[in-house]
Amino acid sequence: MSATNLHLFVLVVPLLSAFAVNLLGRSSKQWIAPLVLGSLAFSVIGSLVTLARVVEHGTLRYTVGNWQPPFGIELVVDPLSALMMVLISVVAFLASFSSLKSVEQELPGREPFFFTLYLILIAGLFGLVLTGDAFNLYVLLEITSITTYGLIAMGRGRAALSSFNYIIMGSIGACFYLLGIGYIYILTGTLNMADIARILPTLNAPVATATAIAFVLVGLWIKMAFFPLHSWLPNAYSQAPTGAGTMVAPLMTKVTVYLMVRVILTMYTPALVFTHEWITNGAVWAAALAIVCGSVLALGQKDLRRMLTYIIIAEVGYMVGGIFLANANGLTGSILHIVNDALMTLCLFLVVAAIIYRQGTVSLVSLQGIFHRMPFTMAAFTLGAFAMIGVPPTCGFFSKWYLILGGIDGGHWEFVIALVFSSLVNAVLFFRVIELAFFGSLADGQHHEHTPSERHEAPWWMLKPLVLTAALLIVIGLSTGPLVNNVIRLMIPIGF
Amino acid sequence: MELIIDEIVAKYNYWIYVVLMMIGFYAMIGKRNLVKKLLGMNIFQTSIILFFVSTGVKKGGGIPIVDKYQALAGGVDAATIVNPLPHVLMLTAIVVGVSVTGVALAVLQRIYKEYGTLEEDEILEKTQR
Amino acid sequence: MTPIVSIWPLAAILVSLLGALPIILSDRQPNLRESWTILIALAKLAIVAALLPGVLHGGSYVFTIAEVLPGVPIELRVDALGIIFALVASCLWLFTSIYSIGYMRSLDEHAQTRYFASFAVAISATIGVAFAGNLLTMYLFYEVLSLSTYPLVTHEQNAEARASGRKYLTYILGTSIGLALPAMLMTYAAAGTLDFTVGGILAGKASPELLALLLVLFLFGFAKAGLMPFHGWLPAAMVAPTPVSSFLHGVAVVKAGVFAIFRIIFHILGPETLQAANLGVVITTIASVTLLTASLVALTQDSMKRRLAYSTIGQLSYMVLGAGMLSATGMLGGVLHLAMHAFGKITLFFCAGAIYVASKKKYISQMDGLGRRMPITYFAFLLGSLSIIGMPPLGGFISKWNLLVGAIEGDQRLLIVVLLTSSLLNAAYFLPVVYRGFFAATTEGGEDGFKEAPLLCVVPLSLTALASLTMFFYPDMFIKLIRLALGAG
């Protein structure tokens, strides 16, 4: 390992640890936690170093097996990739603490298998953000998806059926992507992203190019649960084992959004994708619809986890809309929202994991009075809720700022209204929960006598990452300036 | 009319792939038996794989396996061999397809153990109860 | 004068924010906890008072907390307008803290730690609103204020408190996210900055239609100012304990709303820009309607706190009315009334609480003859009411006088009528309370004999009543600050 391929090792270490977990974990369970946490800690440090290096020196490249691009597969680390690497490693690391505890409770004896899949999934996610080859992307996309199918199927009850549904939908998405790449290959003869970007505009094949773009985008939209292609997500994420949901929910859809950004920015170049007004307008309208429908559907849910999954669907709408606004503010907001939403979702899912650990369910009815039993957990929940609603100085406010500004800049008032509507609905959704948690059982018209209810807080192991994540929400919020200026601005194409 | 028939006849392989794709898609969405859905998925993936492979075909081209020393000495005439790259890519895609099928079958086994049936509507009935 | 970079504005906010921690930690030792509260209040008042001389000489203090967005950092700036609000708020917090201790202990209320801790956070947010250097920072602290007062409003934790809390959040969060946030972003899109500048930032950059839209969005977006139809949260919030009602709703929360509107009119939209687009009428109309309606409704309320709540809604509209006149005297009157009303209204709320503590009475119809048993309280009530009505020698006279002069100067005859009518209505809903307290026969079941409220309650209310009296004689400091704020030098 040298300075030139640290970013590769960020991917390799979790991958190798996966095999180690499988082998060593069978003999003794003691091996699992150190391996998982150790490899992810290494990834966190490695990705932070890589980010610093990329910001200072510019894009890093690594050719796999020394086969030169455009024929060989190339790993490209530009500021956006580095940012995503940091995000994935931090979120996975924090989620692992909680997952270790959840899996111990829900899937006793199956930890080696669970964490093998878990680590391979994370390695796959790293690969997705690092690759510079279109077909390699497909392979890694399927790697992450297959491990996710497996993880979800390990749950109880209807999990297997939800996983199967996800398999069907996910495969359709991946196949569409593959088809799109097929078109691109026929047109350009290359699969290297930078090369495609070079060649594609010189061809005079508008219909074929448009079809290629369309297939790839629709494939990715299915994978990220963009309304109305979202039907697999609520079941899959809410019935997955808690440990799986905690890591998958914040990351999978966001990485897929990243893939869409990557495809548009690097492979197709914005000039090609945003040529037609009706494409951008249509996509923004669809995004606005996704936001509104996701929010409204969340209102009807009686289970906290399902409610959160519908909110995820609305948040995907934010990001897709932001990109298709086709202006600097929209793109900045979208990329910033990838980071912010991952953190907010992680915070909320960690809360869910803690509550499930203690009481086995997160139906809204069961949350009455939980503020007194689990004050720290609910305090973190409150912060996560504020972030989702968009209260400054949490991070959620600042990405909303850029997105709304982008909407105003582009004259897309439907998007602005959808965003404001979503904030208001989020306020209703979360305060409904907070109210239930705060008030507990009521006796009409009487003073609530202060009965000290037993404190039954989540275990320390689960509380640490939760509090850290909640604090991160504010820290990242206040650091929005440096984050945007030093990292995200580098990704905005000139002329936007 | 002539033009359309010409189009179809000239690109008959692509039309077959489209038909296969539609069959697979219909099976995935329209059929109620879970195994049939899985089969539909396989057909869908296969059609795309066939599509890819067919992009490398050349008129009169042979199998892209050449003698090493001949190639080193005299080079390879691209017109005589079929493009091997799509074949290689599709090997990967087939592997991916097989893996997904494997996982799906394992999941189906679990579903069968849990519900005793593989018909979607019967399963939904059991879960509603 | 160039602004001085200083950490004191941040210190003023942080002293009570960080102070919430010792309060929570002293949960088991009530006396220690209460002394923390007093200590923090004194410290805060000291810091704000220390910043005063610099501002009186025309200077200002800035501190940038974080550069978060291009052109819009999270920044604190202590200028003339801000320090008026901060001074009033911190001064009255000291009184309220003392009063709270007396009130909560006499009633042996539950969850006192949560109460005092939330209070500390809320006052931090209030000072944050006062010291905000741009619209984003003010919005930030405005939201924190809304959220930190929720536990206070719902303190009783019964079904009524729950419903009121819900109403509170619906009105206040709903308007700030639904109306104020888009307006803020549209302003930024048009002006490129959100800094508070004398004369506004939109001169020449916004069409009259955009200005009108922004004005309406902002006026209703800051629903803490209680402009109708978004006033419904105020009477509902009266379910909270009286010190909460008195401070937050008589002074801090509602004043933050009006302060925000002042900032919008004076330092974002700009009086000249609004004048040129003839938008002063919009402000004065909305304010007048609220004024008259609230005063009329106040007449019908039998619950003391609800009557005071509707009176507050009316008085807040006085302030907005003054600002809407867009003339120097009118605006002077409006801002001055912020200070005068604060002292007057808090006296009245303190008295209402004292009455409840001493005799458990909440309804005015039950309070006949109570004045003879609680003369100090009722005398303070008299002083407070006279200040609000606007009679000399109480401070409220000066602010209402300026409002009247402003209306006359601007030849706005309708406003003169509105002002005079509402003063009569104010008298109509306050003076009978005092009269009946002193002169009416005691209601059935009441006892005779002297039985005042506990000392910790009586002292603050007497002090604030006296302050209302004093401010009549010494209003100059406030007037000077307001003139500085309006850019008249």
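Just so it is clear, A, B and C label the chains in written order, and each chain counts residues from 1 on its own.
As a working rule, a residue touches a chain if its C-beta (ideal position, glycine included) is under 8 Å from a C-beta of that chain, and two chains touch if they have at least 3 such contacts.
This structure is a prediction, so every number in the text was calculated from the model and none was measured.
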| item | value |
| --- | --- |
| Centroid comparison with chain C (C-alpha atoms), farthest chain | B |
| Interface ranked first by C-beta contact pairs | A-C |
| Averaged-CA centre spacing for the pair chain C and chain A, given as whole angstrom | 43 |
| Inter-chain centre distance, chain A versus chain B - centres from mean C-alpha coordinates, in Å | 30 |
| Distance from chain C to chain B - Cα centre to Cα centre, in angstrom | 71 |
| Multi-chain contact sites of chain C, meaning residues that touch two or more partners | none |
| In the complex, chain B residues that touch chain A | 25, 28, 34, 37-38, 41, 44-45, 48, 51-52, 55, 86, 89, 92-93, 96, 99-100, 103-104, 106-108, 110-111, 114, 123, 127 |
| Chain C residues within the chain A interface of the complex | 65-70, 73-74, 110-111, 136, 139-140, 143-144, 147, 151, 154, 156-160, 162, 165-166, 169, 173-174, 177-178, 181-182, 185-186, 188-189 |
| Of all residues in chain A, those that touch chain C in their complex | 386, 389-393, 398, 401, 404-405, 408-409, 416, 420, 423-424, 427, 431, 435, 438-439, 442-450, 477-482 |
| Chain B partner contacts - residues on chain A that touch it in the complex | 135, 138-139, 142, 145-146, 149-150, 153, 158, 160-161, 163-164, 167-168, 171-172, 174-175, 178-179, 182, 185-186, 191 |
